[in-house]
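Both complexes below contain subunit A, partnered by subunit B and then by subunit C.
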Partner chain A sequence: MRQALKQYNFDWMLWRTYEAGSRLLAGTKQEYDIALRYIPYFRDPVKEVFKAKAGQLFLQMTATYLDNIVHAHQRGKKTCMTTFCFSPAIVYALDMVPVTLELLTVMMTFLYKRGTGEFLDYCNEAGFTETSCSSQRGSMGALLADIGTPIDMVVTDSPGVCDTNANAFSFFAAYKDLPFFQLNMPPWLVEERVTEYHVQDYKALVAFLEEQSGKKLDIDRLRQILTELQKQDELINELEQFLCYRPLPLPVTTCLFIYAGRFMFAGMPIYTRLLELLVNEGRENVRLHQQGIYTSHEKSRGFFCYIDHYTHSLRLWQMLQELNIGYSGNILSHFWADSNPPVIQNNWEEAAYSIKTGTLEDMLTSIAQINSRMPMIKSIRGPYDSPYMWLQDTLALASMYRADFIVYNGTPGCRNTWGMVKLLAQDTEKAGFPTHIMYADAFDDRVQSWDATRDRFEEFLRVRRLI
Partner chain B sequence: MIVAGCDIGSLTTKVVLFDGKKILASSIIKSKPKPEDGAYEALQQACAIATVNQDTITYCVGTGYGRKRVPFANDTISEISCHTKGAFYLYPNVRTIIDIGGQDCKVISLNTQGEVDRFVTNDKCAAGTGRFLEVMAKVLKVELQELSNMAKKGNEAITLASACTVWAQADVIKYLNEGISKENIALGVCKSMAKRVGVLVNQASIKKDVCITGGVAKNTAVVKELENLLGVTIIKITNVDPQLTGALGAALFAYQKAGGK
Partner chain C sequence: MFEEFYTVAQTINNEYIVKAKEQGVQCIGYTCSYFPEEILHSLGIIPYRVKGLNVSSLSVADAAFGPFICSHPKCLLQHFADGDYSFLDGIVVTPGCDSMRRIDECIRKTAVNLNLPVVPPFFFHYAVPHKITEYSVKWLVDELQRFIDSVTEHFSLSFSYEKLKESIAFYNRMRKRLEELNALRMNYPARIAGADAVAVYVAGLSMPRDRFYSMVESLLSQYTGTNLEGRRRLMLIGSANDDIDFIKAIEGETAVVVADTLCYGPRLDVDYVDESDEPLHALALRYLNHSHCPRMYGGYKQRLAKVVEAIERAQVEGVVLQNIRFCDLHGAENGLLERDLEKMGIPCLRLEREYGPMADYERMRMRIDAFIERLEVRRLVCDRP
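And then the complex of A and B:
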């Protein structure tokens, strides 16, 4: 790693940058335009985020998340390293600070043209395999090199779901000799034994967190967080109704805001405010018959059956807008509450979670269920074509969002999906959805350049007569 | 009216000149570090063969990985569309095209109108591409063109343990050191190549008639192994160099865009 990169903590640099970005709209239009001239490096990502009315709040929320990490110890809080598919609600309930690696990697890759390459490589220097997942490595490298807020404990829930993900966290815990807890996921979802397993496993997690944080779980605080989550679910349900409309009444970045916000601040009021802003924008656009992509007619609509492509300047979203493609959702933007539209439409309540805030037992059961329905945790745990797994979810969501095509973005590094994706694509094609397997590392342009990725994607859209 | 198609691939640059009825001339040269230079040189060669002035070219379409760097192109179209156009023009009954270029391998399904229905490409890997054969020819110290004839003289193909070009190269060196004949090694290399391409073809669900385009189409040993593997007869493009199919398709598009029918 270059010496220059070791001069400042990476999370501090990110915090300062997002903090400054979130205040860009505080002045006049003229001041904003002048400021852009002085930030050539960050101009494009900032402009892209601000295309949505909720963009400013999204940046504020991101800055707050980073502020929490940077100042955690100063404020007497412990840091808990975790993964995007683990709900941070329990971490907040124990008054700790979640440090979600994939979020930090994306925050960095959005901003810096150099991406997270040096941190990715540092992980390999430390002993990672080169084919391990890049979503954790992009920020873990910095933490392995001690240029970030020190981590107090590590928690993951991906064993059996995504082994490269799980291995990354166990590697870090072993390398840094930190307390480590992993929730395990059976390959089924709907079975009494599985529900019981989830709850018991989760109770052991709570005991671990209590021990490591030195705090007892505050029941009132947990109830408050779960009540906030209920509110957030209701807002997401309304947003999902808007996302089914054609043309799309919300910006193409909406889904990104939904899932990034939930991964950062599930159950926290700041995320509720973001969702409220998005809902208000949707309502207003529906009332005015406006579309959210801010361009001409929506030519076609895609559903991403896995993750998005996050490298510099939100170029995936830029491309979608340039080509007038609507984008309603991906597998990450879905959280499977029992009140969620596809759950109700398909009578899938048994596969969904419900939030009950009566007793502590109710709440622990609810939060364990929420966690077991997190993106990827729910649908990649078993064979792709089993009930409630990847294929069923993909087809249901693509149909609900009225998508014209499906995209998978990944590399062999995404082992647990890469190993099944060709079969999945055959089945989605049979179901009438043209499906594109977009070979690209969502976090590392060195694997395949964005230009090459975009070329192939556009070719797919053209030859399948989607644009 | 004279139009041109220019295909800048990772290994070679091709130009076809077309007058609406026939191919007037064509050229194939090694791609240059500066793709624009290669495009100019290939165009000059083709014009010299056809004895036409470059100024008389009404319209040009660029294709291939370097299509955006063709300085004299009026438009660019992807190589998938151009290979389809070219192959369908030559053989209207073709429904599956196997295109093996220097950098990638594609299988294209087309409909009766000659439009692309679906396509699949290899994962980012040199195995199953022209580069694989080039690397192996280099290790065997033979010209790429000789590899096919050498393979035909082999009678006991070696097995390459890995699909990876780098590891396969190590295997070839090992076999050379063990004293295995170059012919048997060449046969093993062609079989390995065919196997890798066969996997991709099977993914795309093959429809007859099948043809093969791109530089590797000229390696008859690979094509024969592929036929054995897939159990189909593969049309060999004989009236035009198969490596020119993409450039021909680009020229056909150019003709349409220039107002020709």
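And then the complex of A and C:
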């Protein structure tokens, strides 16, 4: 790694950048325009985010998330390295700070032209495999090189779902000799013994976090967070209704805001405010019969059955708008509350979670169930064609959003999906959805350039007469 | 003396399986060392650890799996698609790792896509947790019971705890004998080549176990040993290996693999099942505790300790850390092992390879030769007064 990169902690750099970005709209229009001239690499992502009314708050929220990490120890809080598919609510309930590797990787790839390339490579220098998932490696490299806030403990919930994910956290903990906890996921979802396993495992996690944080779980705080989560679920449900309309009454970045916000601040009021802004924008646009994308008309609509493409400047979202493609959701934006529209429409209550805040036992059961229904954790744990798994979820969501086609995008490190995505695509094609498999890396343009990725995507759209 | 073992180990089907099948004995394949053979043995079914040997094309496997998947499960799938495993009456798929667990869908969908009868009649997804706790052991006990219920119903068999206890005792005896065999290469000087030892282990996973046991007994009573003194003593660590040619390539004329932690190797046999415990609980405990696979996240320190113990016991001079490309579990752990073992003064060589016919034989040989040279120099320096 270049020495220059070691001069500043990467999370501190990110925090300062997002902090500055979130204040750009505080001045006059003229000041804003002039400021953009001085941030050539950052202006495209900033402009893209500000196309949504909730954009400014989204940047503030991101800056707050980074601020929490950078100043955690100064404020007497422990840091808990974890993964996007682990609900951070319990970490907040124990007054600790979650450090989610995939979020940090995305924050960096969005902003920096070079992406996280050198951190990705540093992982290999430290002995980690180059074939592992780039979503963790992007920021893990910096933390392995000690240019970030020190981590106090490591928690993952992907064993049984995603090896490369679990392996990254396990590697980091072993490399740094840190306390490590893993939640296991059986390959099924709805059996009684699976529920029992989830709850027992979660209780063991709470005991681990209590021991590491030196704090006892505050029941009132947990209740408060779960109540806030309930509120957030209701707002997401309303957004889901809007996202089914054609043309789309919300900006194409809405889905990104929904899941990124939840991964950062599940159960925290700042995320509720973001959702409220999005809901208000949706309501207003529906009332005025106007669409949320700033283009001529929605030619076609896609459903991303896995993740988005996160490299520099939110180019995926830019492209979708340029091509007049509507984009309502992906597998990451679904959290499977019992009140969630696809759950209600399909009578899938047994596969959903419900939040009960009566007793501590109720709350622990609820939060264990929430966690076991997190994106990827719910759908990609067992054979993809089993009940409540990836195929069923993909087809139900694509239908609900009235999508015209399905896209798979991931990373070459994603062993759990590359093991059967071709088979999934065959099934979604049979179900009537033209399906495109992207061979790109969502976090690393060096694998396949964005231009090549876009060319292939457009070719798919043209050949299948979707635009 | 080892020819018979080599023949069985290096073929998919073999005369022992053919004869047993002719007599109406069933045979069930499995994909992972976390599956307890004892249960099938107690039911009179032959357990068969599926192998990926001698595949010359991955035409079907590449169509089902994506491009970023380890070549070992791909080779397994190709054999299924080619009908090489048509003798199996069942298959047990375990989530050993992501690539391996997707064999489940890939076999089933390949059968549909190619309209081929490649799915064995009995199909079972056996869910093994990734950690050892009271509740994960309970989960595995339930899983064992679910397997017993399913297999006995499918084949109309009756299960008996007495027979299971007998099978557990039989497997413990077999482990004991295999430990004696392993000692022949671990002791100084080594009296058996690593390739020969691996041939015995792999053969043992591919034939009726009672017959295998008597073959091992006979080998141990008659074998006088080979003189392997003067060869560099290596330990082999990393991804699964059922390919004896790979071991031969490492050993060449100058080295001997005196210890390994590989799947299909002796790590399957070093832990005993507690015969005084309730049988299912004892099996669950043994197979979960038997955690020399990095699929058991968070267990690195224990695995490192076992490696160091083996290095000391076998007087290992150098460690070869290999992984099949896209095997991140072993690849990453090899990185940790390299760091920690080198720190202890134990020379290490990291190799990434493809599973299957050894297309990169010369490249690998060159690196191993260079490593052996390093060991030679080290020995000269260390022996210097």
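By definition in this document, the second predicted complex is superposed on the first by the 465 of 467 C-alpha atoms of A that agree within 3 Å, B and C clash if a C-alpha of one lies under 4 Å from a C-alpha of the other, contacts with A are read in each partner's own complex, and residues count from 1 in each chain.
To be clear about the criterion, a residue touches a chain if its C-beta (ideal position, glycine included) is under 8 Å from a C-beta of that chain, and two chains touch if they have at least 3 such contacts.
For clarity, every value in this text was computed on a predicted model and none was experimentally measured.
When the two structures are aligned on the shared chain, A:193 is found in touch with subunit C, with no touch to subunit B. After overlaying the two complexes on the shared chain, residue contacts for A:412 are found with subunit B and with subunit C alike.
By the touch criterion stated above, A:422 is placed in contact with subunit B and with subunit C alike. Within the superposed three-chain model, A:448 lies in touch with subunit B and out of touch with subunit C [touch as defined at top].
When the two complexes are overlaid on their common chain A, residue A:224 makes contact with neither subunit B nor subunit C.
In the overlay built on the shared chain, the residue A:456 is in contact with subunit B alone; subunit C does not reach it. Of the two partner chains, subunit C is the only one that A:166 touches; subunit B does not reach it. Taking subunit B and subunit C in turn and counting the residues of subunit A each one touches, the greater count comes from C.
In the superposed model, A:128 lies in contact with subunit C only, and not with subunit B.
Residues 412, 422, 439 of subunit A are contacted both by subunit B in one complex and by subunit C in the other. Residues of subunit A touching subunit B in their complex: 412, 422, 429, 434, 439, 447-448, 455-456, 459-460, 462-464. Touching subunit A in their complex are the following residues of subunit B: 78, 80-81, 115-119, 121, 123-124, 203. The touching residues of subunit A, counted against subunit C in their complex, run 126-129, 131-132, 156, 159-160, 162-164, 166-171, 173-175, 180-182, 184, 186-188, 193, 197, 200-201, 204, 382-385, 412-423, 426, 439.
Only residues 63-70, 73, 95, 97-99, 101-102, 104-106, 109, 113, 125, 127, 129-131, 133, 135-136, 139, 142, 294-295, 297-298, 300-301, 323, 325-326, 328-329, 331-336, 338-339 of subunit C touch subunit A when the two sit together in their complex.
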